[in-house]
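Both of the next two complexes hold chain A, though its partner changes from chain B to chain C.
On to the complex of A and B.
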């Protein structure tokens, strides 16, 4: 889902960068306000952990593999979509600058897709589904699946606006692939949430709220 | 990807005229070259401009005394996603051409167009040149130096601090991940072993990922508390020592930037 440099024209890339920077600024404000002042280092170390988590290859089918993006997981655990924005921005900077995965001019659009859209979709679908169903596996799975699937559609639209991939084939290829990968994202997110609730319920935001 | 981290950093610790340049010079040169390539219109002039940029890259890479194999290996690793989009271009019409000449007609109404192949090649050239400058930057600049360079260039203090923490712990979690994978292997667990039930494999990987999440969270807590003990507060920031850019570094920067700015201007004039 990482759009590389050259696939988005510079003028459009600048617009995406501006939008991304607004959300990054809001995420920094969230980190300062909500994480009892100076806990930014904690989130930074967690971002390093998420980066390592993305290195786990998970079998999908027909010999292909995928990996966890972790945006929905971070947003659910830390209790804010801005957690995903903050963490994924740092992960994308490292991936783009040191590994060439993603791009520099396209970093803005990648932050929007995986951090902003993934984080917001993941967090609010989890919140809404938990309120409606009170069922963690269903809510966690669906939230993580949407957090993987919706950004891929956004990616197809952005490539269409850029004129570097037609819309319908883009939506089909990106949608089908990420719908499959999203199942893995969903299952792993639920397993991780279960583990966290069993071992460290105090760090899972919605558990903290339930326990008062 | 994290396995690659150690190799990249090992290359960045080597000595060469390019390695020795101030990180700010390398950041400005590489990012500017990348932006210059991206700013070129999607037209065949990208081939000639791309060739000149890749020669420029080749000179800089040669001055880094790194093997071309290092570059090629890293390039191959980042090709998949871009390569996928580039490959499928040949089957589609795009907005950058008005007339399309089919070269080959395939079943189900699919055609390969001459102009689409040209467009795919334009994208490929732009993609390879831009990725090459990123590979050059990361292979010749230590992560800490990059961070300090970015800080000196005006990256906000919140980000230099957070990114500094993240970079430091990337290596810690790289080792943790390696140990976890070795532990899995020593127990003969292979996530891709089809003889094991799929559900069982997913559950085990999920627990491993969850464990890594908890370890990183707890490491974050410990680090945060340790920092508090050392007087960390809201106004804390990463200390970046002032460093002057040497005369020869100014020379490299001015020469490089002149080249990077003039090449696109020259080709845009022709466009």
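On to the complex of A and C.
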């Protein structure tokens, strides 16, 4: 879902950057409050892991592949949608600046889609589903699926405003592909959650809250 | 598992995934690229590519940026080894960047509030 520079005209890209920077500022405020000296390397290793998993494209048939984005994962593990904004911003900077994966002018819109929308959708749908079902795999999978699917629809609208995709075919095509890619997002999110809970339940935010 | 072990285990895990990605990651276009190809008529919704896609030229009026390690590689010449080096570099840069930014953010806030 990494939008390259060529897909969005510069004036629109700047508007997305401005919106993104507001959320990045809030994410930095979150980091300032939440990150202790102990926690900083744990967050860093989560970012490094998300970077690595993002590079692993898995075929979803349909002539298409997809990879974990990690917005839901970051938000669930660290207990805040701003954690997702913080980590995804860092990952997108590394990807855009060093690897040309996602544009520079479009980094703002990519932060909005994957960090902000992915993080908020992932976090609040997980919270709601956990309250309703008390079932970690179902809640984690579904939240992560939505955290992939909803940003892809936002992306289709942005592509429409940019004049890059027509609206309805864009929505349908992005929706179909990311409905499939969302399965990857869901499975990896649940697997990583279980791995983390099995070794260190105390650092997984939702576990910490449950255990007092 | 203490923090130090967890961090080392996490980095090792990231490196293993990253190296595996060099050899096993799918080269198929991702969801957005696929959509662009469908819109351009170069791919059907449920099918593979019908033609070899060209470079997408678009709306941005000429802004272009050349990343030092495009497509997570060091170019054809260095092959898989270059891709592994690029991947390791990315993992380390991501790790160091988050630590650096977090420490700077904390330092600034400590200066503001001395308690």
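Throughout what follows, the second predicted complex is superposed on the first by the 193 of 212 C-alpha atoms of A that agree within 3 Å, B and C clash if a C-alpha of one lies under 4 Å from a C-alpha of the other, contacts with A are read in each partner's own complex, and residues count from 1 in each chain.
The rule is short, and it goes like this: a contact is a pair of C-beta atoms (placed from the backbone, for glycine too) under 8 Å apart; a residue touches a chain by one contact, two chains touch by 3 or more.
These numbers were taken from a predicted model, which means no experiment stands behind them.
Colleague: Please tell me, clash or fit, for chain B and chain C sharing chain A in the overlay.
Modeller: Aligned on chain A, chain C clashes with chain B.
Colleague: State whether A:152 touches chain B only (first), chain C only (second), both chains, or neither.
Modeller: After superposing on A, A:152 lies in contact with chain C but is clear of chain B.
Colleague: Once chain A of both complexes is superposed, is A:47 in touch with chain B (first), chain C (second), both, or neither?
Modeller: After superposing on A, A:47 lies in contact with both chain B and chain C.
Colleague: Quick check for you: in the superposed arrangement, does A:5 touch first (chain B), second (chain C), both or neither?
Modeller: In the superposed model, A:5 contacts both chain B and chain C.
Colleague: Can A:55 be said to touch chain B (first), chain C (second), both, or neither?
Modeller: both
Colleague: Tell me the contact category for A:66 with respect to chain B and chain C: first, second, both or neither.
Modeller: The second partner, chain C, only.
Colleague: If you stack the two complexes on chain A, which partner ends up touching A:184: first (chain B), second (chain C), both, or neither?
Modeller: Once the two structures are laid over each other on A, A:184 reaches chain B alone.
Colleague: Looking at the overlay, what does A:176 touch: chain B (first), chain C (second), both, or neither?
Modeller: second
Colleague: Taking the options 9-17, 45-53 or 81-89, which segment of chain B carries the C-alpha atoms that clash with chain C in the overlay?
Modeller: For chain B, the clashing option is 81-89.
Colleague: Once the two structures are superposed, pull the chain A residues common to the chain B and chain C interfaces.
Modeller: The overlap between the chain B and chain C interfaces on chain A comprises residues 1-2, 4-7, 9-10, 13, 28, 32, 37-38, 40-53, 55-59, 63, 65, 90, 93-101, 103-105, 159, 163-166, 169, 173, 199-200, 203.
Colleague: Flag every residue of chain A that touches chain C in the complex, lowest number first.
Modeller: 1-10, 13, 28, 31-32, 35, 37-38, 40-53, 55-59, 62-67, 87, 90-91, 93-101, 103-105, 152, 155-156, 159, 162-166, 169-170, 172-174, 176-178, 181, 199-200, 203
Colleague: Can you list the residues on chain C that touch chain A in the complex?
Modeller: Residue list for chain C touching chain A: 1, 3, 6-7, 9-11, 13-15, 17-18, 20-21, 24-32, 34-36, 38-39, 43-49, 56-61, 63-72, 86-87, 89-99, 101-103, 105-106, 108-109.
Colleague: Chain A touches which residues of chain B in the complex?
Modeller: Touching chain A: residues 1-5, 8, 31, 34-35, 37-39, 42, 74, 77-78, 81-82, 85, 88-89, 92-96, 123, 126-127, 130-131, 134-135, 137-138, 143, 146, 156, 158-159, 161-170, 172-174, 176-177, 191-192, 198, 201-203, 205-221, 223-224, 227-228, 232-234, 236 of chain B.
Colleague: Applying the document's contact rule, which stretches of chain A touch chain B when the two form their complex?
Modeller: Touching chain B: residues 1-2, 4-7, 9-10, 13, 28, 32, 37-59, 63, 65, 68, 73, 77, 86, 90, 93-101, 103-105, 159, 163-166, 169, 173, 184, 187-188, 190-192, 194-196, 199-200, 203 of chain A.
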